[in-house]
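Here chain A shows up in two complexes: once beside chain B, once beside chain C.
This part shows the complex of A and B:
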C-alpha cells in the first residue's frame, strides 16, 4: 500500500474539495549501470544509479503533510512510492512500473471524486525524451522482459489522458527528471511507454493544468546526492513564499507564480553550484495551490566586485529589523527577508573604498541580488 | 625547456578530430613524461607541450583529390563498409574468428582482447566526435586508455564476465572512467560522452554487419577481411597527402639563413619553448614527416642548440637519409662499407626511434644511424590505422616512458 497520508485509507475525504497527491522517487535502478550486473538491461542507455530522488520524494511528501495550507482545498491524501537500494524500512512501496500504475489508478479515482479537487503529481527519477517524454520506474530495462520499454511511462500520453479524463479543478504536474535523448534511443523504432490513464477527448474539466519540468528539452536536472534536487528545493522555497502573490487580502502561491518563481530560484541555485539549471513549464490557469501566508525575498547581497565584497561590511535595515555581515562573513551575504523597502549600507572599515550612503530598494517576493556598489 | 610535438602529414585543423587528438596527445605526454630527468633537468608536473602547427602550410589539392579512382555509382541503400572503417572491420572480424556472430562486435573483441576493444572505441569517438567539445573527448580517451592499461595482461575488468551487449560494454566502461562531480546526481546520462560512444557503436555494428553481408560472405572466404584492410581505396588519400606534404616541405624549406615557412614556424615555436622553460629538458617528439623535418632543422638550422631527447615515431628519418635528402647528409656515408653509420650530432643528446612493423610509413633507424635506440611497438592495428594509432594508446606512452628511464 502506497498511501502515506491519511491512515487508515478509509479516512480519506472524498465528499469535499481536497488536494490529492501522488509523489514518486526512484533512487534504485537494478537494471541500469551500477545495479545488478547479472540483470542489466541489454542497453542501459548510459544511465546509472542516483540517490537524490529518495530525499526529494520524502521532502515533498513531508511538506505536503506538514506545511500545505489551502482553506478551499485542504490536503486529502498523499500516495508515496520510493525506490531505494535497500528497500524501505517503513513499508513504503517501491516505484516499480506496476506499483506506479496501481497508485495512479487510486490517485486518479480520488482526484476525480470532487470537481473542485486539486491533483498534485510529483515524479523524481531518470527521464528521457524522444518526441515524447518518458519516465523510468525502478524496473525499467528488465532484461527478462522482451520489450525493453514495457516498464516505462509515457508522460505525454499520461498528461493527455489526465487532461481528457480527470474530473478535477486543477492539475499540478512536477517532473523532476532529465530530458536527454541518448543516441541509441534515437536508433530504436519502438520506443514507447505506459500512458497509465486513458481518454482521448478534446475537452477538459481542468481549469488549471500546469506542467513544471525541472529541465528544458534535451537538458539535465541535478540534485545533491544526499539532499532533495535543486528543483525540489526551489519548489519548496516558492511554496514558502518566494513565489507568493498578494491580491490585497492574502499571500498565496498560484499556478502562474510558481512558474515565475521556479525560474528565478533555479537560476539562483545554478549560479551557486555552477550548473545550468533550466526549467521549462507549460501552464494554463491560475488556481491557488497554497496559502503561504507571507511573501519571501531571498536576498543575496555583495558588492560590484569580489575584491570589494571581501573587505565590506553589509547592513540591511527595515524599521527595527537589521541584518549585518562583517568583513569576515562569507559574501554574498544571504538572508531571507520580508518584502518591502529595505535600506542597504556598505561600509569599508579599512577604507579600501568610500562608504555608501543608504540605498533603498523595494523588494518583492522572489530572488534579489544586489548591489551595484562601489 | 619543455616538450615540443611536431606533427606529421595529414594533420589539418579542419578535421573534426584535430583538436581532440591534440588534447589527447598533450594529456598523455603530461601524464607519462612528468618527472623525466635528463642531465639533471626534470620535467615538472603540468609541463607545457608546444604544438607548432604547420598543416596549413602544407599541400592542398586544386580538385580536392578528384583524381583518385573511386566508385562512380552511388549505392541505393546503406553503403556497406566505407574506406575509413575497413581496417577496423578487418581487425574485429579477425578477432572474432570465422563464423562468429557480429551482432555485438565490440563485446566479442573485448573478450578476445579488452585493450584493443577500448582502442577501437577511442579511435571511433576521436574520428567522429559528434560535435562534443574536444576536451571531453580527450578526457574520455585518456581515462579509458589508462583504465584499460590495468587489464592489459588479463581478459578485462571483472564486469566483462556479465556484459552481453555492446551497449552494456560502453555503459560499464563509461561508468568506470567517468569522473562525476562529487556529491552531485544528474537525473540522466553519465556524462555527455555516452551518446557519442553509442553513435560509435552503431557505426562499428553497421560496418561489421555490412562487411558480413556485402563482402565477406560473397567471397566465401574469411581471409578476405585482410584483403579488405589492404585494399587500395583507403590508402589512396593518405598516400596522396603524404607525398604532397613531402614535396611541399622539400621545395620550400629554404636555408638556415632564410628558412622557408614551415621551418620558420617550427623554429620559432622551439625557440619560444626553450625560452619559456630554460631549466627543463628540451624534448622534441615528432611524428612521421614531423620527424624528418625536425631532424633537418636540428642538424642544419639549429646545429648548436642542445636537444636533450629526440623521439621520432612512425617516421622516415632513415629513409630520407638513405636518399641523402637532408641538407647535412654526407653522401660519402656509407660508401662501399654498409656497416658504416651516419652520424648523430652530439648536440642531439639522445634519440629514440619508434616504429610499428605494420605501419608502412615507419622505418627503423639503427642500421642507418649511429647512436639511436630503435623501439619496436605493436599498435595491434592495420596498415594506415597504425600510423596514427600510437598516440591514442596509453600503453605506448607507458612503454616510451620506460625506454626514456633506461637511457
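This part shows the complex of A and C:
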C-alpha cells in the first residue's frame, strides 16, 4: 500500500478542497550499474545507483504531513513510493513502473474529486533527456523485457495528460532528477515512455500549472548521499519561509514565489558546493500552496576576504535578539533570521583590521549574503 | 503615519521594477520605474521602504524613514547592490566600490575562483563601454579561442561570419552585432570537447561577450555569455524571468502591452515584442495581448516564437480553435527552433498536446537537438551525436547565459 497519509484510506476527504500528494523516491536500480549483475540492463546507459532519493522522498512526505498548512485547501492525502536497496521495513511500496502507474491512478482520481483541489507531485530519482524528459522507475532496463523503454515514464506526455484531464485548481509538479543524456542514449531508437495519463483537447481546468525542474545535469550537482537533494533542501527552505510573500493578511508561499525562492536557494547552495545549480521552471498562475505564517531570511555573513573572515567576530542584532560568531566559528556565519532591520557588526579582537561600525540592513525573505567589509 | 510617497528616479537609472513596502513587509504597490515618470503611492507609514529589482536580477532595499519624496539615483543603487545598504552621503563608499570594480577588471586575466565571482565580473563588464585600457582590442577573428579546447564563432542567418575579438587578457571575447532588428537571429557556435553547442542570438543584440573560467571551487569549466540588445527593458524582463522573479517582471506589463507598436514602425523590433508577449503569456494577461501576437507570427517568419506565442494564447483563451492552434504550432516547428528558451519549451509542450498530429514535427525537432541547455534564456543545445565514437570524457561544462544591463553597476 502506498497511501502514507491518512490511514485508513477510507478517511481520505473527497468532498472538500484538499491537497493530494504523490511523492516518489527511487534509490534502487537493480538493472543499472552497481545493481544485480545477473539482471543487468542490456545497456545501462552508464547510470548507477543513487541513495539521495530515499532521503528526499521521506523528507518531502514528512514535511507535508507535519508542516503543510493551507486553510483553504488542507492536506488530503499523501501517496508515497520509495525504492531502497533493502526494501522498506515499514511496508512502503517500491517505486516500480507498475506501482507508479497504479499510484498515479489513485492520486489522479483524488485530485479530480473537487475543482478547488491542489495536486502535488514530487519525483526524485534518475532522469534522462533526449528532446523529451524521461523518469526512471526502479525496474527500468529490466533485461527480461524486450523493449528497454517499457518501464520508463515520459514526463512531457504525463504533464500533457494532466493538463488536459486533471479536474483541479492547481498542479505543482516537482521533478528532482538528474537530466543526463548518456552518449549511448543519443544513438538509441524508439526512445519512449509511459504517459500514465491520457486526455485530449487544449482546454484545462488548472488555473495554476507549475513545473519546477531541478535541472541538475550531473550527479555531483544532485545532492549529498545521505541527505535530501539540494533541490529538496531548497524547496523545504522556501516553504518554511524563504519564499514567503506577505499578501496583506498573512505570509504565504505561492507558485511564483517558489520559482524565485528556488532560484536563490539553489544558487546559494551551488556557490557552497562549487556547482552550478539552477532550476528550470515553467509556471502559469499564482495559486497559494502554503501558509508559512512567517518570512525567513537565510543570512550568510562573512567578510570581504577569507583572511578577514577567519579572524573576525560577527554579531547580528535586532532588538533583544542577537547572534554571534567568534573567531573560531566557521565562516560564513549562517543563521535563519526573521525579516527586519538587522545590525551587523564586525570586530577583529586581534586588531588585524579596524572594527566596523554597526551597519543596518533591511532583510526580506530570501537569501542574504553579506558583508563586503573591510 | 500614512502619507503619499513621491517616487521617481534620476537620469542614468535604468528601467526596473520597484516594490513600495510597508514596515510589516507587505507590498503596497509594485511599479516600473523609468526616468521622467513620477509615481504617487499612498503608504501606510513614513517608515515604508523600497525594494528595487536591479536589471541584473538582484534585489536590493532602500530605506530612508521619514522621507516621502524619494529620488532613486544610480549611486544609491550601486551602493545598495554592493551592500544591500545605503548610508546618506557615503561618497567614500562609492569610491571604494569603484575601486573594487577596477580590481575585478585587473583580475580578469586569470580564472575567477567561483561562479559567483564570474557573475560579478560579467555584471561589471557587460556594458557597451567596458573598462580596461586594452578594450576593445583592434584585431578581429572568425573563431575566437576561449581556452580549454573551447572556441566560439558567431554567424548571421546567411552564414556570414561575424568577426569577434579577444581581449589582451586572453579570456574575454566580444562581438559587435550590427544589423536590422528585424533580421533573422544570429547563431553562436561553441566547439567544446564534448561536442558542438549552438545558441540563438536575437538580431536586436548589439553586443555579445563570452569567456571561459575554470574556477578552483567549481566542478568543471564555466562558459559565461552575456548579450545586450537595443531593448534594455526586454533584457531586464528576461533576467527577471530567468531568476524566477515573475512578480517583479509583472511591473513591466504596461511596457509589454505596447508590443504591437514595436511591430509597426520601419525599425520594428519583433524580438522585443516577443519578450513582452512571453511575459504577458506567463502572467496570463490575455487582455493586453489582444491579437497582435498573430501579426508577430504572420509577419516575421524568421522568428518561430511568434507562432508559438499565438498558438499558446489560443490554447489558453480559445482551446476550441484546435485547427488554428495546430496550424500555428506546426508552422513554428517548420520554421525551426524558437529563439527564446521558454518558446522552445512551449513549442515542445504544444506539439505534445497535439498528439499524433504533432508527433512527427516534435520528433524532428527533438532529433535536431541532442540535449537542450534548459537554463539558458535563449535556445541553446548540444548538437546530436549519432555516429562515431563517444565524445572525450571531460568535466561537465556549465553555461551561464544572461543579458547585460545598461549600467555596469546594476
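What we mean here is this: the second predicted complex is superposed on the first by the 368 of 374 C-alpha atoms of A that agree within 3 Å, B and C clash if a C-alpha of one lies under 4 Å from a C-alpha of the other, contacts with A are read in each partner's own complex, and residues count from 1 in each chain.
What we mean here is this: contacts are C-beta pairs under 8 Å (C-beta built on N, C-alpha and C of every residue); 3 or more make two chains touch, one makes a residue touch a chain.
From a predicted model like this one, the values you see are computed outputs, not experimental measurements.
S.K.: Of chain B and chain C, which one contacts the greater number of residues in chain A?
M.R.: C
S.K.: By the touch definition at the top of the document, which applies to A:34: first (chain B), second (chain C), both, or neither?
M.R.: In the superposition, A:34 touches chain B alone.
S.K.: Identify the partner contact of A:262: answer first if only chain B is touched, second if only chain C is, both if each is, neither if none is.
M.R.: Once the two structures are laid over each other on A, A:262 reaches chain C alone.
S.K.: Please indicate which partner A:330 is in contact with in the superposed arrangement: first for chain B, second for chain C, both, or neither.
M.R.: Neither: A:330 stays clear of chain B and chain C.
S.K.: For A:319, is the partner it touches chain B (first), chain C (second), both, or none of the two (neither)?
M.R.: neither
S.K.: Touch check for A:42: first (chain B), second (chain C), both, or neither?
M.R.: The first partner, chain B, only.
S.K.: Touch check for A:132: first (chain B), second (chain C), both, or neither?
M.R.: second
S.K.: If we overlay the two complexes on their shared chain A, which of chain B and chain C does A:229 touch? Say first, second, both or neither.
M.R.: The answer is first: A:229 touches chain B but not chain C.
S.K.: With the touch criterion stated at the top, can you tell me which chain A residues are shared between the chain B interface and the chain C interface?
M.R.: Chain A residues touching both partners: 179, 181, 183-184, 187, 215, 220-221, 275.
S.K.: Which residues of chain A touch chain B in their complex?
M.R.: Touching chain B from chain A are residues 33-34, 37-38, 40-48, 50-53, 124-128, 176-184, 187, 214-215, 220-226, 229, 273, 275.
S.K.: If we count contacts the way the header does, which residues on chain B are in touch with chain A in the complex?
M.R.: Where chain B meets chain A, its residues are 130, 159, 162-165, 167-168, 170-172, 174-175, 183-191, 194-199, 201-202.
S.K.: Spell out the residues on chain C that touch chain A in their complex, using ranges where they run on.
M.R.: It is residues 21, 24-27, 49, 51, 59, 61, 63, 82-85, 100, 114-116, 215, 217-219, 222, 242-247, 282, 284, 314-316, 319-320, 322, 325, 342, 345-346, 348-349, 352-353, 355, 362-363, 365-367, 369-372, 374-375, 382, 384-387, 390-391, 396, 398, 400 of chain C that touch chain A.
S.K.: Which of the residues in chain A come into contact with chain C in the complex?
M.R.: For this pair, the touching residues of chain A are 129-132, 156-157, 159-160, 163-164, 179, 181, 183-184, 186-187, 200-204, 213, 215, 217-218, 220-221, 245-248, 256-257, 259-264, 267, 270-271, 274-276, 278-286, 295, 339, 341, 359-366, 368, 370-372.
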